[in-house]
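Taking it in order: structure first as structure tokens, then the write-up.
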Amino acid sequence: MSGMIYEIRDLRLSFPDMAHKPVFGAAPQIEVLKGLSFDVPKGEVLGIVGGSGSGKSTLGRAMIRLLEPDSGTIRFEGTDITHADEPALRPLRRRFQMIFQDPMSSLNPRRRVGGIIAGPLRLQGVQDTSAKVLEALDMVGLPRSFAARYPHELSGGQRQRVGIARAIALRPDFILADEIVSGLDVSSQAQVLNLLEELVRELGLTLAFISHDLSVIRRLCSRIIVMYRGEIVENAPTAQVFDAPQADYTRELLQAIPLPDPDQIWA
Amino acid sequence: MSFLEVENLTLRIARGPRILRAVSLGVDQGEVRGLVGESGAGKSMIGKAILGTLPRAIQVVSGRISLDGTDLQTLPARERRRRIGAQVALIPQDPLTALNPVRRVGPQITNRLVDILGWDRSRAEARARELLDEVHIPDPDRVMRSYPHELSGGMRQRILIASAFAAEPKLIIADEPTTALDVTVQKQILRLIKEMQDRHNTALLFVTHDLGVVSKICQSLTVLYAGKVIEDTDTRSFFAAPGHPYSQALLHATPKYTDPEDSLTPVPQHVIDAVEAEVTDFDKGLGA
Amino acid sequence: MRDARSRVRRPIGLRLWLSGGWITLLIIGAVLAPLIAPHDPLYQDLFAGRMPPVWVDGADPNFLLGTDSLGRDVLSRILYGARLALTVALVAGTLTCLIGATLGLIAGYYRGWVDMVISRLVDIWMAFPPVLFAILLIAVLGTGLTSIIIAIVVIDWTRFARVVRAEAMTQGTMDYVASAQVVGRTKAGTMFAEILPNVLPTIVALLTLEMGIAVIVEAILSFVNLSISTDAPTWGGMIAEGRTSVHQAWWVLVFPLITLFLTVLSFSQLGEGLKDYFDPVLR
């Protein structure tokens, strides 16, 4: 087996279309992922970009098996997990983690930060959770006293750090980050991206970073997948995507980004 | 004398902290002014103060807002409401919640004309059709009969733009109108707003947290931090060299894929400390 | 960025103090009724009939709230009536809650066919007019404490099931549920550890509301004499009796009425207050 964390072949996934469900009988299916194939080598930071509704989150959630694909295969470190059931997935779960877009809805509002970070550790039977929790807080640059706070007592950027701390506490091999800076101010965006850059370097993580915004991922990602309506229209090293995009849609995306420069030709 | 004049506007949460600190800004007829700042800086509150829709918990401590030279405070409440309704319109951020989901789109545009300007229904409907055409919506009749959820986000935002311009307002407040949209749709919508604003020679106060967007459609901008005006300048000189260290830092924090090394730099702590000190000094000066 | 986020623990509001205080007082009174009630609630003294409360002229200081037409002490009867009212509230409320909330939680979180079966059942159930349902049940089961409780549970579990299902469904779409799954929590574990704590305030509010409803239902049934044996003091029975002599002895009607009103009000206010108090998210 080569150094691939993920090998994905002809991945297809569809949802029932409730808006067009007949009164009797099953709802028609809408295909959201239309046969995707790609590999993720160990240590890579993969950017997944595309417009809203293009299927980025669905792809991410299928990769960590929050969703079950209709067909195709997903191999995680050589193991076929495409249709693995929950008991079979449980031992793998500590090895792939996810950071969510909306830190407010992904952090249980009734738990303190310490408990939120400790939850996964306890479930996976890790000893000495409180030391691990403090260590995780240190790594994401939050004061240790924050362990006693509730999520609503934090700012947006701080909440997102808690999400990151929870994901790295188990020392996973792979992390999926779904639009984790989209709701943040530019300065907090920058801080969170820098933090991720550091963690990737220090922990040797493999990271998939989903974003609808090409402009935030140039420095972080080594390779970029561009999605359009459930298909991969471009899969190339970062520099090539920015300097010599192949797909029309990639070009359109790039040209639509408003640079902070009044002289940019934006036609 | 600009069309919209906000002078020394100070707001506070009742028995709580200040939300705006002596904010002054003006927007001329035909001008697009950007209002920039991080979330919580008080951008939306300025818009709400102008529209007279401040939340109950917020108190006006001092300040003057005038439209076309008339101080709104001097008008009786009814007249003030009427005048704001006739001269000012809002393009909101979230195109989904701004339209009533259980009502068809058409009446939601025409109601404004009928209720506020007292037009008769057929004239209002003709005008609505004309406006949907102006915002490049194909088949306006079908769209007017649709419910909001049957339309895409970009389409809904076009409808909100159409209804903002419907009553020929003199001033439009756009509160982050493209934040919820994809970049490709954002580009179309920004172009559309600019085109409409040019054609109708409207004054436009454009609230955004994105300096990239500012550089595309604003002639001037006001930078806000913690409810205090940090910088008030024209767009060209701002992007050539921001006048305040905080604005400078904000510009360096803005993503810029053409120059990844000079972008996404967090605002340095010493800059935050300095601007926080300015805010504290301001509060001390007012004895609080 | 500075903001107004604060870390203060909210004080227990006046509402919570008053409603909680009244209920506590009532519970103490009911439990200790045999010790603190000044008279036997059933003891009739026809020579001491219709004595007014102590602060009215011609009162007997032995009867704080006066006596009824048969000379029974009103205060003592209210205290003993509280025993029945609170028993019904507690038992019926808790059973209703357990059954309804469990079904609602499972339906809302597991969805699929389980949800379909439970929701269909709730729909059919709710198609029956509740009052008719209650009278029918009592007719079949006969009068008595157990019948009242069964009637309340059978009729009202749907209220819990519906509300809790909706709440569990919303919570189920939140990312923190997905994130529990990411770390390998089981489905049932997620329901108990993540969803339940988030719907608990709603359940508590419904529960106390249900207790208030149970108190009213018990009062109504004893008012129309469908409750337990006619001798035992009940608030509903006292109100029924007091109504006939309201012009001669208003206190026989008014005191149990006030007690009933305050109790029902307190239960509903307690529910709302607890819900706010236990919600760590300041809204």
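Going by the order they are written in, the chains are A, B and C; count residues from 1 in each one.
Just so it is clear, a contact is a pair of C-beta atoms (placed from the backbone, for glycine too) under 8 Å apart; a residue touches a chain by one contact, two chains touch by 3 or more.
Just so we're clear, the structure is a prediction, and the values are computed from it rather than from any experiment.
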Between A-B and A-C, the pair joined by more C-beta contacts: A-B
Furthest chain, CA centroid comparison against chain A: C
Where chain B and chain C are represented by their mean Cα positions, the distance between them in whole Å: 50
Chain A-chain C separation of Cα centroids, rounded to whole Å: 48
Distance between chain centroids, defined by C-alpha means - chain A, chain B (Å): 32
Per-residue overlap in chain C, given as positions that touch at least 2 other chains: 1, 3
Junction residues of chain A - those touching two or more other chains: 185
Residue list for chain B, restricted to those that touch at least two other chains: 38-39
Chain A residues touching chain C - in the complex, by the definition given at the top: 61, 64, 66, 86, 89-90, 93-94, 96-98, 100-102, 105-110, 119-120, 123-124, 149-150, 152-155, 166, 170, 185
Contact set on chain B toward chain A in their complex: 38-39, 153, 182-187, 190, 209-216, 235-236, 239, 249-251, 253-258, 260-261, 264-267
Chain B partner contacts - residues on chain A that touch it in the complex: 51-52, 156, 185-191, 193-194, 212-216, 218-219, 242, 252-254, 256-262, 264, 266
Chain A-facing residues of chain C, complex: 1, 3, 5, 7, 174-176, 178-187, 194, 197-198, 280-282
